[in-house]
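The next block holds one structure in the form of C-alpha cells; read it before the comments.
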Amino acid sequence: MDSGATAWMLTSCALVLFMTPGLAFFYGGMVRSKNVLGMLMKNYVAMGIVTITWVLVGASLAFSGAVEIGGYNVIGNFDLWGLRELGMSNDHFGLPYPDNVQMMFQLMFAIITPALISGAIAERMKFTTWAVFVAIWSIIVYAPMAHWVWGGGFIADQVGAFDFAGGLVVHINAGAAALALLLVLGKRTGWRQQAIRPHSLPLTILGAGMLWFGWFGFNAGSAFNADEFAGNAFLTTQIAAAVAATVWILAEQVMHGKPTTLGFVSGAVAGLVAITPAAGFVGPLGAMAIGAASGLICFSALRLKFMFNFDDSLDVIAVHLVGGIIGALLTGLLAEELYSGGLFVAGIEQFGRQALSVVIAFAFSFGMTFILAKVLDMTMGLRVTVVEEQSGLDLSLHEEQSYVMAE
Amino acid sequence: MDSGATAWMLTSCALVLFMTPGLAFFYGGMVRSKNVLGMLMKNYVAMGIVTITWVLVGASLAFSGAVEIGGYNVIGNFDLWGLRELGMSNDHFGLPYPDNVQMMFQLMFAIITPALISGAIAERMKFTTWAVFVAIWSIIVYAPMAHWVWGGGFIADQVGAFDFAGGLVVHINAGAAALALLLVLGKRTGWRQQAIRPHSLPLTILGAGMLWFGWFGFNAGSAFNADEFAGNAFLTTQIAAAVAATVWILAEQVMHGKPTTLGFVSGAVAGLVAITPAAGFVGPLGAMAIGAASGLICFSALRLKFMFNFDDSLDVIAVHLVGGIIGALLTGLLAEELYSGGLFVAGIEQFGRQALSVVIAFAFSFGMTFILAKVLDMTMGLRVTVVEEQSGLDLSLHEEQSYVMAE
Amino acid sequence: MDSGATAWMLTSCALVLFMTPGLAFFYGGMVRSKNVLGMLMKNYVAMGIVTITWVLVGASLAFSGAVEIGGYNVIGNFDLWGLRELGMSNDHFGLPYPDNVQMMFQLMFAIITPALISGAIAERMKFTTWAVFVAIWSIIVYAPMAHWVWGGGFIADQVGAFDFAGGLVVHINAGAAALALLLVLGKRTGWRQQAIRPHSLPLTILGAGMLWFGWFGFNAGSAFNADEFAGNAFLTTQIAAAVAATVWILAEQVMHGKPTTLGFVSGAVAGLVAITPAAGFVGPLGAMAIGAASGLICFSALRLKFMFNFDDSLDVIAVHLVGGIIGALLTGLLAEELYSGGLFVAGIEQFGRQALSVVIAFAFSFGMTFILAKVLDMTMGLRVTVVEEQSGLDLSLHEEQSYVMAE
Amino acid sequence: MKLVIAYIAPFKLDEVRDALKGAGVTGLTAINAQGFGRQSGHTETYRGAEYEVDMVPKVRIEVLVDDTLAPTVISTIETTARTGSIGDGKIAVLAVEDVIRIRTGERGRDAI
Amino acid sequence: MKLVIAYIAPFKLDEVRDALKGAGVTGLTAINAQGFGRQSGHTETYRGAEYEVDMVPKVRIEVLVDDTLAPTVISTIETTARTGSIGDGKIAVLAVEDVIRIRTGERGRDAI
Amino acid sequence: MKLVIAYIAPFKLDEVRDALKGAGVTGLTAINAQGFGRQSGHTETYRGAEYEVDMVPKVRIEVLVDDTLAPTVISTIETTARTGSIGDGKIAVLAVEDVIRIRTGERGRDAI
C-alpha cells in the first residue's frame, strides 16, 4: 500500500462527504424560506440513512462477488455485509490503499446520489416517505448500477462503456430517478401561477462553492491514486466547471440581457456534472469542449420542463440528467490515450457503447424508481397536504422555523 | 519521514482547524439573533488565544518532558517553549512526519476544546473574561490533561486507559468544564419563561456539516499515519455519526411526533463525540453500536438540565460530556484487536480502566474550572448586566449588528 | 514523482480554490444587502474567467520559456498554450509531483488575486467591465508578475528577492491594482455621509473561516512538497493569523473600547497576508513578530483612506497592500537558515532586495492597472449609474434578489 | 380617503395583489408580520425544550384608497384571501386625513 | 373600535403578548421595526469607520380592540412593557371605522 | 395629534431621519416593506423562469406628531425623500386619539 495514495483518498472521501452539505445549501437557498429546513433535511438525512444501508448491504451488493443472469453479471452478493470481512488490508480491491478507504469513498458517492434527486421534489414531499425512499433506492437502484459500472458488472464488461467518476452511476441515475419520482409526485401548488423565487441566493452560491471544492475529491479521487491521472482529472474538472459557468452567463446575457449569479453557479454545476464521466480520460482542451457543450445545452434544457409541463423544481433533469448524458457521450468522442492511460480509444464505436450505457442506465433507473414511487405513494403517500404545503415544510414536517429574527 | 503520512497529517491539521468555525456556526445559529456575533466571537477567539498560549507554553507542558509527583507523571516541562527547539526533524515524537506537524495537529485540538465550552455559557458571558478564561484554561486544564493521556502521563501509563482521539482530553474535559462554568455563571434571564429559539437553523446545519467534514481530520488524523488504521477510524467516524443522527430523529418521531433538523445534526455530533475515543479501536459494527447508544442516551440526557435546573444553553453536557463518557466506556468493551492493531484487549478490566480515567478527567476538569471560574467571577466578573443581556451581546459587547437589512 | 507530495499538492489546490468562495463571502457580508450578489459574483466569476485565460495563455506566459529585454527575463512564451504540451509527466517543472498539478496550483493563485481587488470597488462597478478587466488583467499584469517572481524572471534572479507564497505576486499586486482601479472608479455615492454598514457579519465571519482554512493550502502548499518545510509554513501561517487577530482586537479595545468580530477576522486576514511571503522562511517566533506587526500596522492603515479621501470600500489597501509590504520586508529581516532550508540569509542586504522588489511590484501593478482602468472607463465605462447604485447592484446588474423572505 | 389594513396568509399575497390590481388599486405596501389570533399555534421542540408558538407568519398589507374604492378593496381582499379556515385574517379600515405624493407634491385623492 | 399601536423593546414581546392574552385580547400582529427616539443610540465602529446609530431594534405591535377593551389593552401594555428606562416605547390609539373577519365576513365588533 | 406614515426609497432613510431630527421630531419608527405602485417593477429570471416582480423594497416610516408640527414633518419628508422619479413614495396622515409614553405614563402631546 502507498501512503501517498492513501492520504489523497482519505482526503477525497472527506471532500466528497462535504459535497452533500454543499448540495443541501445549493438546493436550500433556491426554495422559499418556509421550506428551507425541509430541503436541507432531505439532503442531510441521506448521510444518515445511506451510510447504514451501504455498510449493511449496499456495499456488498455493489462490490462483492457476481451473480450472473444469462451470462450478464448483474449484482453482487452479501459476503461483505456489515463490512466485517473487509479487514485492514487492500486484498479485496487490490488498490494502493486500504479496502476500507475504498468502501468509504464509494459510500460517499452512494450518499450524494439520492440527495441529488431531492431537488426535483422540493417543497412538497413528505419526509418519512423520502427517508424510506432513500433507504430502498440506495439498495435496489444505486447498488446494482454501481455494480454494473464499477463492480465488475456487465456495463463495464460487456457493454464496454467507461464512466470515470459517475456520469452513469451518479448523474444519469439521479436524473432519471428524479424524473420518475416527480411524475408520480406531481407539481407544486401554484407552480407557474405564483412567483416561486429562491429565498436566499447567498446560501445557494455558498453551496455551489462547497460543491465545486468537494468535486475535486469526487473526480480526482476517482483516479484511485495520487498521481498524474489524478492531477489531470483535477485540471479537467476545474476547466469544465469554469467554461460551463462562463458560457452559461454569456447565454443569459444574450437571451435575457443580464447574467445572473444563479446562472453562474448553475453553469458551474452543469460543467462539473458533464466532466464527471470524462475527467480522467480527456485533456484540457477536451474539458473545454465538454464545459462549453454542457453550459449551452443544459441552459437550453431548462426549457424542457415548461415545454412538457413537469415541475422539476430545482432542475435536476436539465443539470444532472442532461449534463450526465452530454458527459457520457462526449467521453466516447474526446477521450485521448495520453490522458486515459491507454485505457481505451475514442471513436464512433466507443460512442455507441457510451450511448447504449446511457439508455440502459436511464431505463433501469427510471423504471425501478417509478415502480418504487408508485408503491410508496399507495402505501405511505408521497405528498404533504395542500395546507401543509402552504404553511411550508419547515413547520408542517419538522415544526421548526428557519429564521427567527424576533430578538 | 514519510511524505504520504505528512500529506495526510497536514490535511488533518487543516480539517481540525476548520472545525472551530464549524462549531462557531453550529452554536451561532442556535442563539437568538441579538447574540450571534457574541457566540461566533467566543469560538473564533480561541483560534487566536490558544495558538499563542500553546506555542508559548502549552505545547511544552503537554508534550515535553515529565514532572513526577509520587511516581505519577503529571506534567511536562518548559523545554519546548516557543517551539524553538522543535526544529525541522521528527526526532521529538519519532512519528513518520515532522514534529512541527504534530505540534500543529495537537494545537488544533487545544483550540477547539475550550471553544466547545462556549455553548454552555451562551448569551450571557462577558467577552473579556471569556478571553482570559480561555487563555488560562488552555494552560492549567487542557495542557495537563493532554499530557496525562497523550504526552506520556499517568492516565495512559498507570491507569492504562485508551483515548484514541480525545474522548477524555477533548469532550469530557470540555463537558466537565462547561458544567463548572455554567454553575458559577448562572442561568440566562428568562430561561424557561421566554421562548428562546434558535435564530437561524440553516447556520447551525451548515456548522454541523463543517464539523462532520472536519471530524475526519480529528479522528482519522489521530491514526498519525495514512494507512489502514486511519481508514478504519474514518469509516467508524462516518458510521457512528450516521447512526446516531438517524437514531436521534427516530427517537424524536416517537417522543414528539416529528423529526427535526436540529435533532438530526445534534445526533450526528453526539455520534461523532462518542466515536472519538474509540474510532481507531472498533470496527464498523462496533461503530454502529456506539452510534446507536450515543444517539439514544444523549437524546435522553437533554432532560438533565430541566431535571436539575441548570442552564446548559446549547447542551454541552448532554452532547459532549455524556457522549464522551459513552465513548470512553464503550471503547473498553468494543475494541477489537484487528482494528486497534493489537494495542489492547477489550473486556471488563479495560472497562474499569476506562471508567477510572473518566472519573479522573471529570473531577480534575470540573474542579479546576470551578476554581478558575470563581476567581474570575470575583475579579473580572463573569456575567454581563441584565440590560446588556437584554439588548444582546452583539451590541453590548461588540457594538456590532449581525444583520442589517435596511438597504 | 512522489505520491505523498502529489497528495498534499492536490489537497492544496482544492484548498486554494476554496479561498475564492471564502473571499466572496468575507467581502459579501460587508456590503449592503442590496449589493451582496453583485459582490459574490465579482469573486466567483474569477473562477470562471481566469481559468480560461490561464489555461489558454496565462500559464504559458508565466511559466514557459523566457523573453529577455536588456538582459532581464521579463516574460514567458506561448509554448504551453492550452496546456497541451504539459503531458502527464513532471518534466517541465521537475517537482516531485506532476506538472499538471503545479499548473493547477498556480491557477488557483491566479484566480484569487484579481478576486482580492474586488473589495476595493465594491458596490459601484459594472459587472461586464469587471469581467473584461479580470480577463485582461490576469494576462497583462498577473502573468508577468508571476513570471518575474516564480517563473525564473528577473525579480527572483536579478533583484534576488524572495516571495514564499505570494506577498508580491498576490497581495501587493492586488493591493496596488486595487488602488489604481478605485482611483479611476471614484467613490460610492454617499460615502462618509451615509452609514454604510456590513449587512451580514455572520457571512463575513464564515468567509474568514473558509479563508483561514484554505490559506494552509496557499502557504504550506507553496513548499511544493509534503515535508518539514510545508509543516513549518503551516505552523507559521497559523501563528501569524492568530497573533494578528488577537493584536487587532486588543488595539480596538484600546482605541474604541470594544473588540469587534469584524476586527478579529480582519486581523486574521492581515496576519495571513503578511506571513504569506515569509511562511517558509521564518520560524514560530518570527511568525509571532510578523503577526504582531501586521495586526498593529494594518489596523492603523485603515485610517489612510480617510486621510487621503479614497473609497477603498473593503480595505484592500490596508489589509493586502500594507500587509503584503510588511511581510515582504520582514522576510528580509526575520528569515532563518534553519527554516528556509539554507535558501538565503536575512540581513540588511536582503532587506534592500525585498524593498526593491516591493517598489517594482507596486509600480508595475499600479501603472498597468491604471492604464487598463482608464481605457476600460473610456470604452465600456467602469461605473453603474447613480440610480443603479441606489437600487443596488443585485437588481440593476443581475436582476436577482438576495433575500426573499416573503414566504 | 381610507387606509385599509389587512393581515393575510403569506401564500395569498400574490393572489390578493393581482386581484387588487385588477380592481383598480394602483398601489399597496406589504410587510412581513407575526400574528397571534384564534388560529391555534403549534409546538416547536428544540432539543427537548417545547415552546408553544402562537405567533404565525402573516403578511400585513396596507392600501390607501379613495372612499369610493374602499368597499371594492375590502371585498376583493375578502374574496381572494379567504380559504375558509381559521387564520385567514382580518381587515381594518381607518380614515385618512390627507395623502401626499412625494414626487409631485399632489395631495388628496390625486396623490393615491 | 380602536387600533392600538405600541413600540416596545423586543425582549418584552412575549411578556406583553401573554399579558394581553390574559386581559382578554384575542389577537394581535407584531412587526420587527427600528426605532429612533430619546433613547440615545450607540456608536458602531466597523474597521475604523464610526457610525452613530440612533435606530434601535423595536417591535411594533398592533391590536384591534373594541372601544371598551381599549383602556385595558393600553394599561396592560404600559404595565408589562415598562422597565423604567428610556426606550420603553410608546402607545398610540387610532379610531377604526370598520373591521372585517376575512374567513366569515363578520364585521365590526364581532370581527375582532 | 397625527400619525404620519411615509413609504420611501430605502436609500433615503438616513437623510429623511436626519432632516426630521433637524425639524424637531423626537422619534420615529421605520420598517422594511415591499411596495407596489406606479413604479414599474422588473423582470427577474431564475433559470429561465421569468417573474414580473412589481414589488420593490421600500421603507415605511411612521411619525407621531403634535398637530402643529405635522405640516413641517410632511414638508420635510417631501423635500428630502424626493428624487423626482416614479417610486419616491407617498405620505399619509391619520388622526391619533391618544399617545402614551410607556416609561412615564404621560399622555397626549407630552408623550410624543
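Labels A, B, C, D, E and F are assigned to the chains in the order they are written; within every chain, residues are numbered from 1.
Just so it is clear, a contact is a pair of C-beta atoms (placed from the backbone, for glycine too) under 8 Å apart; a residue touches a chain by one contact, two chains touch by 3 or more.
All of these numbers come straight from a predicted model, not from anything done at the bench.
Contacts with chain B and chain C are shared by A, D, E, F.
Matching residue numbers shows that B-E is the pair in B-F, B-E or B-D whose interface repeats A-D, with more than half of the contact pairs in common.
A comparison of the B-F and B-D interfaces places the larger number of contacting C-beta pairs at B-D.
The distance from the centre of chain C to the centre of chain E, with each centre set as the mean of the Cα atoms, comes to 49 Å.
Between the CA-based centres of chain C and chain F the separation comes to 43 Å, rounded to the whole angstrom.
Rounded to whole angstrom units, the spacing between the C-alpha centres of chain E and chain F is 17. Mean C-alpha position of chain A lies 33 Å from that of chain B.
Among the residues of chain D, those in touch with two or more other chains are 10-11, 31-32, 34, 43-46, 53, 85, 94-95. Residues of chain C in contact with two or more other chains: 2-5, 7-8, 11, 34, 195, 197-198, 200, 206, 226, 256, 258, 260, 262, 399-401, 403, 405-407.
Because contacts link each chain to all the remaining chains, their graph is best described as complete. Residue ranges on chain B touching chain A, taken from their complex, read 2-5, 7-8, 11, 15, 32-34, 96, 197-202, 205-206, 208-210, 212-213, 216-217, 220, 225-232, 234-235, 238-239, 241-243, 245-246, 249, 253, 256, 258-262, 264-265, 268, 283-285, 288, 338-339, 392, 403. If you check the complex, the residues on chain C that touch chain A are 1-8, 10-11, 13-14, 17-18, 20-22, 24-25, 28, 36-37, 40-41, 44-45, 47-52, 55, 82-84, 86-90, 97-101, 103-104, 107, 127-128, 200, 203, 206, 226, 397-407. By the touch criterion given at the top, residues 9-11, 14-15, 34, 42-46, 53, 57, 85 of chain F touch chain C in their complex. Only residues 2, 5-8, 31-38, 54-55, 58, 60, 74, 77-78, 81-95 of chain E touch chain F when the two sit together in their complex. Of all residues in chain E, only 43-51, 53 touch chain C in the complex they form.
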